[in-house]
């Protein structure tokens, strides 16, 4: 007996004269939905609520652009060497959206989920234990700390205010506050909440599955990289960046002392 | 005397308490702009017009998802082998948005730009010459033909209707009509306009620079791939697709005849 | 006081008339070293021993090609869509060399290292505990199991024989045998050792750092993908593979039962 | 009647107890062939000649490493942001091996092929015409010029000497000399031959198809990037390079003059 295949897709089916996305005629969606509405409809299989839409838009606007971060530099350097492959430069930039900088929102969401799931009376204790564990293992706490915005990333307060104004239930806002308190208690000083934590809070308040948080970040960053490549074509900066990077790291013959 | 550096960026500058994007306080944009408004503001350096916004949204909604196209298959197969690298799977998918399928909109825009720039009396003749040249070199004409939608991609009529309703000036809509006429004349039969041509028309009617068309496509496809990876995690199809692909291309010992 | 920079590179320095790689004149290496000798010299900073060279060559030959695996399919599908970007197709293929299939050798090396470091009397017990832990967490044991080569990957015996003949010290060969014994004991049946385990054994016997194992695999696979793209250009198979993959995963309207 | 499929692969077929690569038992190749022999056998479908092997090894050794070039910087910056995805950092580096720097060898081979195919009496004239055309279009001539090695890349003389010593037939060596002469004649000054031209000469003397030249370059660069990531893990330089790159390109508010 043949194996019964269960593999299927619910995303899209096309016949010669009709394209259907998640059960809806695509032509009825074009011109009706905004990009973000379509993104969420495609992802979740149902129309997003106003809250989901507001929070996702805010997050995507907030993280599209943050200057010449490593991913933007990598994209521009890749275009410098391979101008024939625009998509290659975009891909090179996105490959750096990983666990260390831009992609930490999903790691932070993991911590917030655990706190939000715990009984209220135990949350502070759990948060202190969590922060303590990261400290002992000398691992950076996802969602906290920033090399430049040492007194707090300006986007954080704005994003949290939007969540409150939009009527977010508040479970993850609260979980972040508990975590922030634990950080102060364990470290004996404040460590600024960074934008990854705010992303995690807003997208979990919007009930997006934790696994797609990085996907939202990647899409917003993709748009940002399009702007970088456009500027790079008009006002090239790649060679200057390369030369500066190269000069910053001199060759040392093995065995030589600096 | 030191070389006077002219490299600079106008995209973003950050100080400890303020992030500025193209001269505006980012915090004033978060919560005010939609993702697509921000994308266009970031790209163009000024607020998009209602027409620009409407056309860009329509294009991005139209091309986010088109089923298990090669880029979606590549992304899912990459996740299968490297589940630890979400961004790697997205990047693998985007790398296939190239000259042949998804990326032909910019090639088509090149033809439309040339037609739109020609004196009206010469356009038909230029279009016939262009189609003839592609035919002689046996190269596919960008924006025409589709393996499934042989009588026309359903998205095309919808997108062009939106452009007209939104009050697009019509230069590129007209250029496409001229090109379509030339195709019929040279080939002696109709060849369907595909969605890449419609993308080219709408984004050029929106006065987006030709060089960023592929960037708009990549961003919309990035969002679509997020949906594919989300479905792949919930309802895995990668192994079935791999096995089917492998079976379709059997090993033949060198020298053996089929 | 300015921060004292310690960033430097010992890999390569160039002056207008001389290129130096790790302290040696590159021109004295060209024509003298084979590719693999140069690879190891560049990596380790000293000439490889005959044993290191033999084992690395054997591994790289063994894993260059294994048919239409997911990474080869992804590379060919990417070339199909973006023929203008050869490096994009190669990159797409390499992105799938991850934790699940091709990249498990480094995970397996982690287990072998722990066993090799344990006192001999405790190794069996540690191996049983390790296998038991993977089983309880229902995680696949790195280096064991293969969908096709159920009685053992033919490359494994060959690679281990080469290691023995070449005079490898045998610590990791022994560790693998202990692990294999533990698998039989815990599972009550044999599970075949796969090629990732053999790669781990040989490269650790060659004293390559565990962190570079995936780099050796990627380089060998890169060479293999070059062959795939060359064949794809001559005898295209991408469209057949795509169509087969697409047919294998039909669209199901949400709510429909299969 | 069903369509007769002709898609097939001659690269590899596996049964449970045997893996065959291009008609040969893989186990008979492991331990017998060096990596480069296997690479060429896999690519060409037959054992390489001693000349082919010598020239390919020389090329791959020559281009594995050339310091902190843009591709190496991009790979290190990608690892900085996404340490969990080693293959992502390698892929990001390879994506910059394109038409402008590292990938120009295939463009140069195109010119050399045309010269080698022309009757001897017409070669000089064709070369002058070619150089003139590039000059008029203000396009860089593939294989000529280098920002640092202004009097000639030291690798070039070495590679050409190896080709002569190894008994290369000399068609492409001659074609390069003709092209070099034309450059001097048209420009009125010498422009140094760079390593891409030497790669093109040697690989065409080895009768490798022009289309795989970039594949050889990518494989050698892949090995080089493995060394960079290994050094980056031991002696991190990514943050210094990022900061230097960022400082080199300051933010300028739109409308501000520098």
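As written, the chains take the letters A, B, C and D, and residue 1 is the first residue of each chain.
Assume a residue touches a chain if its C-beta (ideal position, glycine included) is under 8 Å from a C-beta of that chain, and two chains touch if they have at least 3 such contacts.
Computed from a predicted structure; not experimentally measured.
S.K.: Steps needed, at minimum, to get from chain A to chain D via touching chains?
M.R.: Tracing touching chains, the least step count from chain A to chain D comes to 1.
S.K.: If we define chain centres by averaging CA atoms, which chain lands farthest from chain B? Would you check?
M.R.: For chain B, the chain whose C-alpha mean is farthest off is C.
S.K.: Just curious, how far off is chain C from chain B if you go by their C-alpha centres, in Å?
M.R.: Centre-to-centre distance between chain B and chain C: 36 Å.
S.K.: Centroid from C-alpha atoms only, then distance chain A to chain C, rounded to Å. What do you get?
M.R.: 30
S.K.: If you average the CA atoms of chain C and of chain D, how far apart do the two points sit, in angstrom?
M.R.: Measuring from centre to centre gives 23 Å for this pair.
S.K.: Residues touching two or more other chains, restricted to chain D: which are they?
M.R.: Those would be 5-14, 67-68, 82, 84-85, 87-88, 91-92, 95-98, 103, 237, 240-241, 248-249, 251.
S.K.: Taking touching chains as linked, do they make an open path (line), a single closed cycle (ring), a hub with spokes (star), an all-linked set (complete), or other?
M.R.: Topology of touching chains reads as complete, every chain touching all others.
S.K.: In their complex, what parts of chain D are in touch with chain C?
M.R.: Those in contact with chain C are residues 5-19, 21, 26-27, 29-31, 33-36, 38-39, 42-43, 54, 56-58, 60-62, 64-68, 85-88, 90-92, 94-98, 103, 148-151, 154-155, 158-159, 162, 209, 211-212, 214-216, 218-220, 222-231, 233, 235-237, 239-241.
S.K.: In their complex, what parts of chain B are in touch with chain D?
M.R.: Per the stated touch rule, the residues are 5-14, 20, 22-23, 45, 82, 84-85, 87-88, 91, 248-255, 258.
S.K.: Can you check the complex and tell me which residues of chain A touch chain D?
M.R.: Those in contact with chain D are residues 67-71, 73-74, 77-78, 80-85, 88-89, 91-92, 95-103, 237-238, 240-249, 251.
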